[in-house]
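Lettered A, B and C in written order, each chain numbered from 1.
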Amino acid sequence: MTTALALQLTLAGLSVGSVYALVALAIVLPFKASGVLNFGQGEVVTLGAYVALVLTQSGLPYAAVILGVLGVGLLGGWAIEYFFIRPIIRAPEFTIVIATFAIGLLIKAAISLKFGDSPNSVDGPFGMEPLLLGPVRANPTSLWIIGCTAAVTLGIVAFFKWSRLGKAMRAVSIDAQAAQLMGIRSESVYRLAWMMSTAIGAMAGLLVAPLVGVNPELGGLILRGLLAAVLGGFTSVGGALLGGLCVGLVETFSGVWLGSTFKNLMPFVVLMVVLVFRPQGFFGVGEVKRV
Amino acid sequence: MSSSHKTILAVGFLVLMGAAAGLGSYPVYLMSLAMINVIAAVGLNMLTGNAGQISLCHSSFMAIGAYTSTLISAHWGLPFWVSIPMGTVLAGLAGGLLGAPATRLAGIYLALATLGFLQIVQITIEELSSITGGVRGLNVPKASIAGTELSDYPKFLIIGLSCAAVIWICSNLMKSRVGREFDAVRLSPHAAQAMGLSISRIKLSAFMLSAALAGLAGGLQALLVGFIDPVEFGVSASLRHITFIVVGGMGSMGGSVLGALVLSALPEFLRPVKEYSDLIYVAILLAFLIFLPRGLITLLTSLMNRVRGIGRAAGRT
Amino acid sequence: MHPRLRLDALSVRFGGIQAVQQVSLQIAPGEIRGLIGPNGAGKTTAINAITGAVPVFSGDVFLDDTRITGLPTHAVSRLGIRRTFQHVEPFSELTLLENVLLGLSSTMNVSFAAAALHWTSARSAEKQAIEESYALLERFDLLPHAQVRAAELPFGLLKRMDLARALASRPKLLMMDEPTSGMSESEADAAIRAARELAEETGVTLLVIEHNMRVMMALAHSITVMNQGKVIAEGSPSQVQANPAVIDAYLGEESDASR
């Protein structure tokens, strides 16, 4: 394998891994805040991609598309939390797991109804012309994805470390009762966590759309995101990031070396092995980066 | 349920089976599908409703049963009444394969593991396309007895009798120490262990039992439809089974039957709004999860209690 | 005669804390032993160590002559040890009858196939189990509530159910963790009387953690006193009551509380 090819694959792996990392992040946030794992997160990504499609097709500049996607993400998260999650927050785990699944399928069914099943495509913000970075032909969209993911991650870390709202969220996730006694309303924190999570998920949809197209099956991404979250131990932002990048890199490289069957099966075999032998994951990063 | 109730049900069932001979082949086909759904629902309910184990891969065991029995029939020429039981057994063993590590997991980790298992089975079916036909699907050899090919009505009888047998056996199990132990594992594993019950052994048997029943349902479905493909055994199918038991009533045999029958009839009523049927299905699931998590069976039993109460009061005056 | 239960320098550690330190004791078959001590003395931890619910750091536990140290809880229970819980841990959605039936489930000799096919052996085993369970419910004055779900019943009543459930399998050794907490005076008296009668009839050995001194003095043949993880005294109820070390330990607790 030449250096150029290796670098090329690394870039591809990092960019797809960044998308997985965003999905993992979107999964970890509400889990850390309220213990709810959103199995419908994949469809939030799909929703983001379709919103991007609609807004781009209506001629809006990219900056407006980003804002539109974020807006829909935030609003969607608010609506989901208010109408579906809030009523069942005290229900047994089974109910919440299936409900989040069902919400995802609801979104998917609605999208299929409105847009049909045929795939659409949308262009990245910087076109498809590859940039030449030394020996590597870099897809500008890939670079953009990596850059955005880094920005989002840093933003989240800064938010939790320095902002009042972020510190309040950390307090609730450590000890909800104590936080309540200190005047922090956990319901508001949960809602905020959901809104952040769906906003990030929708962003992921916006970012990944130019790479893989826009179709109702995009939700399958969640499986890689879940693997990344498990590897990261569900505990931390840093863990989700590292987990996602890992999954992206291993998937890209194994596709070259092991052929498609193994490439497809591997994430799930790894998932099951990790769940059984090391459910706490590998990348649980320390206190500083903890959500 | 008293024995007079049971006799009435049994007689009613036999009458229904007999009367169906007069119906056209499409209603008979639909009723066969409904009874296959009942078998699948009963299996899942014992695992999730009684033993409290989340499973998102119930349809994978249906796939294992369907593909095993189909391939055995196709390659070794064995008749359906050998290949379907073999598919059932293999599915049960696969349930043990998943169940053994799964007993250590709970909650979302268990849900994730079952999701992973589902993907593994899906991908394996798709990738081994030379054997399984991959995404294009597989034709099921025509079932026959003594040289005559089976038509819809004999298939209906076979499926009906299998369904009745499953309901009888599983009712026996749930009313015995086996069923109580499943409930104990769900309600308080800590106390159950203190009473000498091995949680992992009980969970394992729940997984194997439910997988075997799914495998039976899968084999019967292959028999009925004549064609199988991986799509019908994916996440949507698993969620459909979960909808059966949520709508019907988790942990209740009556709930499994009720939920499966009601939701099997639903698509027929949704015909005029066919495009919305996916949406409606999911909306029903969500509505029940939020508003009636204990399922229709609780409505039914409280209604029956009220009727009995009125009857008793009327009898007193 | 060999002891029913023998603890041999049993120690349990949680992180850096020695919850149980080098505890040794022996209980003869049929004996009713009280286990008392101030809060945090390690009494419940000792019971948890015997049942395998917490890991043993060092030392051994013997049931009759069998070493049971470190066995999983269900295996320990199958050997004939049962316990009641401070918080009952009922099977909340099941009826009292079903709760008690589960108490003896592990002794029912009904195979999966027999249950599935409703064989005569399964039917008669079930019938017998139900009869025994009803008898126990009657003994503890729970008969009227037999078909009521545990979730709908008050705590004191459930404590009696816990006793009935634990005795259902005719254990060799029954460990009771604060059996009368949550009960009124008269409930406590009645429950303890029933337990003592049953113990004397069946010869079951009892190890009872209790804070209610009145109940303890009336019930126990002998008493072991723990404080801060160690055994500080052992003897008949009157001996223990007069023991200065015991009085010190409790007074120490009182003055701590008043500070």
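Simple rule for what comes next: a residue touches a chain if its C-beta (ideal position, glycine included) is under 8 Å from a C-beta of that chain, and two chains touch if they have at least 3 such contacts.
Keep in mind that what you see is a predicted model, and the values were worked out from it rather than measured.
Because contacts link the chains only in sequence, without closing, their graph is best described as a line.
Ranked by how far their CA centres sit from the centre of subunit A, the chains are topped by C.
Chain B has the Cα centre that lies closest to the mean of all protein Cα atoms in view. Chain geometry summary: the mean Cα position of subunit A and that of subunit B are 34 Å apart. Chain centres here are Cα averages; for subunit A and subunit C they lie 50 Å apart.
Rounded to whole angstrom units, the spacing between the C-alpha centres of subunit B and subunit C is 41. Every residue of subunit B that touches subunit A in the complex is listed here, in rising order: 48, 52, 54, 56, 101, 104-105, 107-109, 111-113, 115-117, 119-120, 123-124, 127, 236, 239, 242, 246, 275-276, 278-279, 282-283, 285-286, 289-290, 293.
The touching residues of subunit B, counted against subunit C in their complex, run 169, 172-173, 176-178, 180-181, 183-184, 187-188, 190-199, 205.
Residues of subunit A that touch subunit B in their complex: 37, 39, 84, 87-88, 91, 93-95, 97-99, 101-103, 105-106, 109-110, 112-113, 223, 226, 230, 260-261, 264-265, 268-269, 271-272, 275-276, 279. The touching residues of subunit C, when paired with subunit B in their complex, are 51, 53, 72-75, 77-78, 82-83, 85, 89-94, 98, 101-103, 105-108, 110, 112, 115-118, 122, 126, 129, 165, 169.
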